[in-house]
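Think of it as A, B, C and D in the order they're written, each chain with its own count starting at 1.
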Amino acid sequence: MIIILKDNPEEKQLDNLISWLKSMNLDIHFSKGESTTILGLIGDTSAVDMDLINALDIVETVKQVQEPYKNVNRKFHPKDTVIDICGTKVGSGNFQVIAGPCSVESREQVFEIAQGVKKAGAHFLRGGAFKPRTSPYAFQGMRAEGIELLLEAKKEFGLPIVTEVMDLSQLPLFEEVDVIQVGARNMQNFELLKEVGRLDKPVLLKRGLANTLKELLMSAEYIMAGGNEKVILCERGIRTFETATRNTLDLAAIPLLKTKTHLPIVVDPSHATGIAHLVKPMAIAAAAAGADGLMIEVHNDPPHALCDGAQSLTPEAFADVMDAVNAVLPHAYKG
Amino acid sequence: MIIILKDNPEEKQLDNLISWLKSMNLDIHFSKGESTTILGLIGDTSAVDMDLINALDIVETVKQVQEPYKNVNRKFHPKDTVIDICGTKVGSGNFQVIAGPCSVESREQVFEIAQGVKKAGAHFLRGGAFKPRTSPYAFQGMRAEGIELLLEAKKEFGLPIVTEVMDLSQLPLFEEVDVIQVGARNMQNFELLKEVGRLDKPVLLKRGLANTLKELLMSAEYIMAGGNEKVILCERGIRTFETATRNTLDLAAIPLLKTKTHLPIVVDPSHATGIAHLVKPMAIAAAAAGADGLMIEVHNDPPHALCDGAQSLTPEAFADVMDAVNAVLPHAYKG
Amino acid sequence: MIIILKDNPEEKQLDNLISWLKSMNLDIHFSKGESTTILGLIGDTSAVDMDLINALDIVETVKQVQEPYKNVNRKFHPKDTVIDICGTKVGSGNFQVIAGPCSVESREQVFEIAQGVKKAGAHFLRGGAFKPRTSPYAFQGMRAEGIELLLEAKKEFGLPIVTEVMDLSQLPLFEEVDVIQVGARNMQNFELLKEVGRLDKPVLLKRGLANTLKELLMSAEYIMAGGNEKVILCERGIRTFETATRNTLDLAAIPLLKTKTHLPIVVDPSHATGIAHLVKPMAIAAAAAGADGLMIEVHNDPPHALCDGAQSLTPEAFADVMDAVNAVLPHAYKG
Amino acid sequence: MIIILKDNPEEKQLDNLISWLKSMNLDIHFSKGESTTILGLIGDTSAVDMDLINALDIVETVKQVQEPYKNVNRKFHPKDTVIDICGTKVGSGNFQVIAGPCSVESREQVFEIAQGVKKAGAHFLRGGAFKPRTSPYAFQGMRAEGIELLLEAKKEFGLPIVTEVMDLSQLPLFEEVDVIQVGARNMQNFELLKEVGRLDKPVLLKRGLANTLKELLMSAEYIMAGGNEKVILCERGIRTFETATRNTLDLAAIPLLKTKTHLPIVVDPSHATGIAHLVKPMAIAAAAAGADGLMIEVHNDPPHALCDGAQSLTPEAFADVMDAVNAVLPHAYKG
């Protein structure tokens, strides 16, 4: 961290600042220019509050040199993380596809879709039991019963399951779930992050609608700081001024995150675009850009799905996406 | 709700759509133009999923005519809501100021600030016991102990207290708290919203960083749908491309929300700007624009606050803001 | 266009509205529901001002059903536009790459780069003669002399040239230029659009930093309305809250635009990301998503380029990108 | 400017960088920490390209310490600029209101509005002769004839006029215009900025829809660098994800700009909100926040205006706004 002081800083305040910084076990490197004095802080600055220093009268500006995250940082863990989930490896070039309905609606529905996506080559079954819905009057999910149905489908078809937790009080219901999804709206639900950080279970962490990549990494750091190293990042589009698509899919996030972190990154083209016919081209593009996998909504009867019908494919359309993705994979960006 | 069909819609699909709509107790008004057929849905459409209809092959587009919220809607509750909190009225022209530190740090700190803001004319004491921090290594708040200190300060100085809940599992600790704050990052934590909707206690609901006003109203609707009618909305800035301020304060939200809802609206100029010297002008402007109150961070020693020091004022500076706000209030926009 | 009236509209105002609409040669289809009256306008509504109607006391809301663009609309021109530029075809699956320096700096520089990109397989040479720079103190381009150097390079290496016009007064200098680029900051410089619309010369129209796809199409409509049908659209990233990349590349724009328009669409991964090592993965992803071509900055000596050095590649790195793109092309999304 | 080097920078590259920086007449202050080496550049760094340095292999990051603008910088011109326009002073607490129709439509219209706004207390008459319209089929303005009508109105009513130029080729028509407006879409039309920078005539520079305050100041710097010191800045809302208002009015820009620059700042609540009933509260709020003036659309017959009817007031409603603004002005933020 570098602190740039204003011209002629008041001496007593400067002394105060320096002794406070030293109390945090930081070495200070002084650099006096003609008009600018710079303090270089050496040591672990991850707990130093930049805003606080910025607020001091004598400070012109504060600049962070090192990233504020450690466990997720590729600098300290150069090798890709690979997560083994029921024998299926995620990360480091093991391309995996998670597919399934937005919401679990019935045994018949889950089984039909699970069969379809398995046949098409999906590696994981997803389905929402708890559903975050903007309106209190919209379908809120089958909850505990939905998780039961997913587990039954897992038994029947052998696909590990991915499903979203909406509050830490629901976690006991997730004991047999293979991957716990933390949704976009919960990316900065720090209490939930701490709690899943204590588990020994893979977590799929979705980027928030208005969160930077640095914030995504900081949220992953919350989970890893608790001891859970099995974090999968998920790019699912950000909120911008453009309304032609539900969100703006940020595919440059993939190669950029790859330079910052060792964690696997999957892409959700369904929520990112909100439009069924854009799922295929964006799935291909995500694979080409070097993603470690995809998360795709599939429904047996899209127009009658209880939520997000607009963005889901039939199993047949999903099979077509899988073929296209598999064709492009050997030519994808490798970094 | 209006459904605009594509040219020459497939008849069987149209029949399916119509019978499905009728099964939801909606009347359908048919309107056949030269090239466009329009269905007008009459009845309660708040549970109808627009995305789902939009996904149908025969549908060109769906347009919402009525707002999807009821309890918060001014149409159905033309009179301003007034919330009585320990004898202090919020809403309908009762301008109230909530002030206090970002984080509770010690008894001494809370008492000194409580005394200062009371003297300056604040009506509520705020302070964070549970703190949402981007970094797991930053100070996370005094938690239960922080709430205790706030309650002691309330006893001593007679100011009702406002403090933030971060997870529904913490709610038992909030029994004696006067106003429960739901923070920006939790605006769409629907499980939490449902839970505070079951309480008989005022809730201060902050707008999310990337949430539209319509979504803010839908989140308030979650709380009211549970039976809790004591909701105070809070505009605290949205995330935009501009980086000169921490967020972009959206003051037009005040008069716009006033036309849509009967709920009180307060403004938080501290978090909105993130810069101490902008708090005063934005507090004045918010009051002038017709806000029902303000929420301002005050610290006895800004540069040493454990969080958000950059945006907080000393009690003296806060008193100056109060004077300026009180001067402008008689000339504020009344709607 | 559909006009939804408020309950019980004042009759005289309604009569006025109707006669005004009829004066614009529109047929009006009346539809009276229980609480809502809807007017469906039949005919050419492209000149009807929605904002104006929206402002009327008796109007609840106005909804556009048809797109406000005609010439660029795929509905009326289902076949892909193919533009022949010096024998090189752009559009409809003819994948073309435009490469060259951000700014023309010297004959030596242009020639060296032209030779390099030609060898690597580029189809067009680009280079900035007039440079839009945020600072008046930054290098503003070689202007007329720069265009001369590009034309010399064209003669020498046989690559048609693409270069940016910044003001319509410069157009006389562009007579021998093969493709005129209208930059992102000029996407809504309507006087310039009208002027290039009168030319018989291909125009590369870049999307503005904060412009929707609909606005991009409306700007293309300006050019086509003037008679110039040779318009190439260019996605180059939009401005969002994310600062890790210079802009956010919106690759979903490619398949979405393909459904709306028959015009070719190229992607500029250099400006979109602003980071050299992201150009390759985004070039691959753009090709995979179905783009009709790429526009890539190449410099013989990136760190000493006079502008945008951070985003440009050496000819060697560009050759590597070309190889990767060519490998992915046979597996790209075809629509 | 501060350059932070990577660990163990390659020596030859470092030598090259240093000699290149010295060739730009910069002194270099070296600061070697344990793991980080920092170069502090002393001298005029306004012409140094940060992106270029950032692209060098040996550079970790570059940080700007000083603002890249000089002429507009309050540091070098601590006193507020006051611009005298036909005897009316703009800036430094002289609150002025510019009012008039979006588009000039007829003599009758302009005269009626001019009379109305003059009576209500406006200081300047505005009106669009050249109109930037998203659609080529929308009314494009009366052009030269429109300017004539404004000049006639000026003669009749004595109000100086403000009108927008859309291209530098139109400037000869603006010779008798009192204030030339550069619209939001032209804020980075650098050729136009250079040209108006050569005039001795006040320029009203509107912030672009997606432009930062720093970019606004850089565009003002373009004008001042040419010798024209009469620049008035105008905040008119920025483009965000919120669609309830046309743009998001950024009132914090006023006090923030006041600390950065000595130029006057006016606010346009009409375009910022796009909704007539929000103009009054936002006008009051802007005045309260310390703006130097307002720009308000007024129309004699809002629903029949040829453009932007939704955001314009009648002269009567405008008079009401003036009263409200005048009441709040004595209590406005003074800095």
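Operating definition for what follows: a residue touches a chain if its C-beta (ideal position, glycine included) is under 8 Å from a C-beta of that chain, and two chains touch if they have at least 3 such contacts.
Nothing here was measured: the structure is a model prediction, and the numbers come from that model.
A.B. asks: For chain B and chain C, which third chains touch each of them?
C.D. replies: Chains that touch both chain B and chain C, as defined above, are A, D.
A.B. asks: Which chain has its C-alpha centroid farthest away from the centroid of chain C?
C.D. replies: Result for the farthest chain: B.
A.B. asks: If you average the Cα atoms of chain A and of chain C to get two centres, how far apart are those centres in Å?
C.D. replies: Centres of chain A and chain C (C-alpha means) sit 32 Å apart.
A.B. asks: Which whole number of Å gives the spacing of the CA centres of chain C and chain D?
C.D. replies: Using C-alpha averages as centres, the distance is 26 Å.
A.B. asks: For chain D, which residues are shared contacts with two or more other chains?
C.D. replies: 210, 239-241, 243, in rising order.
A.B. asks: If we count contacts the way the header does, which residues on chain B are in touch with chain D in the complex?
C.D. replies: 210, 212-214, 238, 240-245, 248-256, 259, 272-273, 275, 277-278, 280-282, 284-290, 324, 327-328, 331-333, 335
A.B. asks: For chain B, which residues count as touching chain C in their complex?
C.D. replies: Residue list for chain B touching chain C: 2, 4, 27, 29, 31, 33-36, 38, 40, 42, 60-61, 63, 65, 210, 239-241, 243.
A.B. asks: Contact residues on chain A for chain B in the complex?
C.D. replies: 20, 46-47, 49, 51-57, 68-69, 130, 132-140, 166-170, 185-186, 188-194, 208-210, 215, 218, 221-222, 225-226, 239, 274, 276, 302-312
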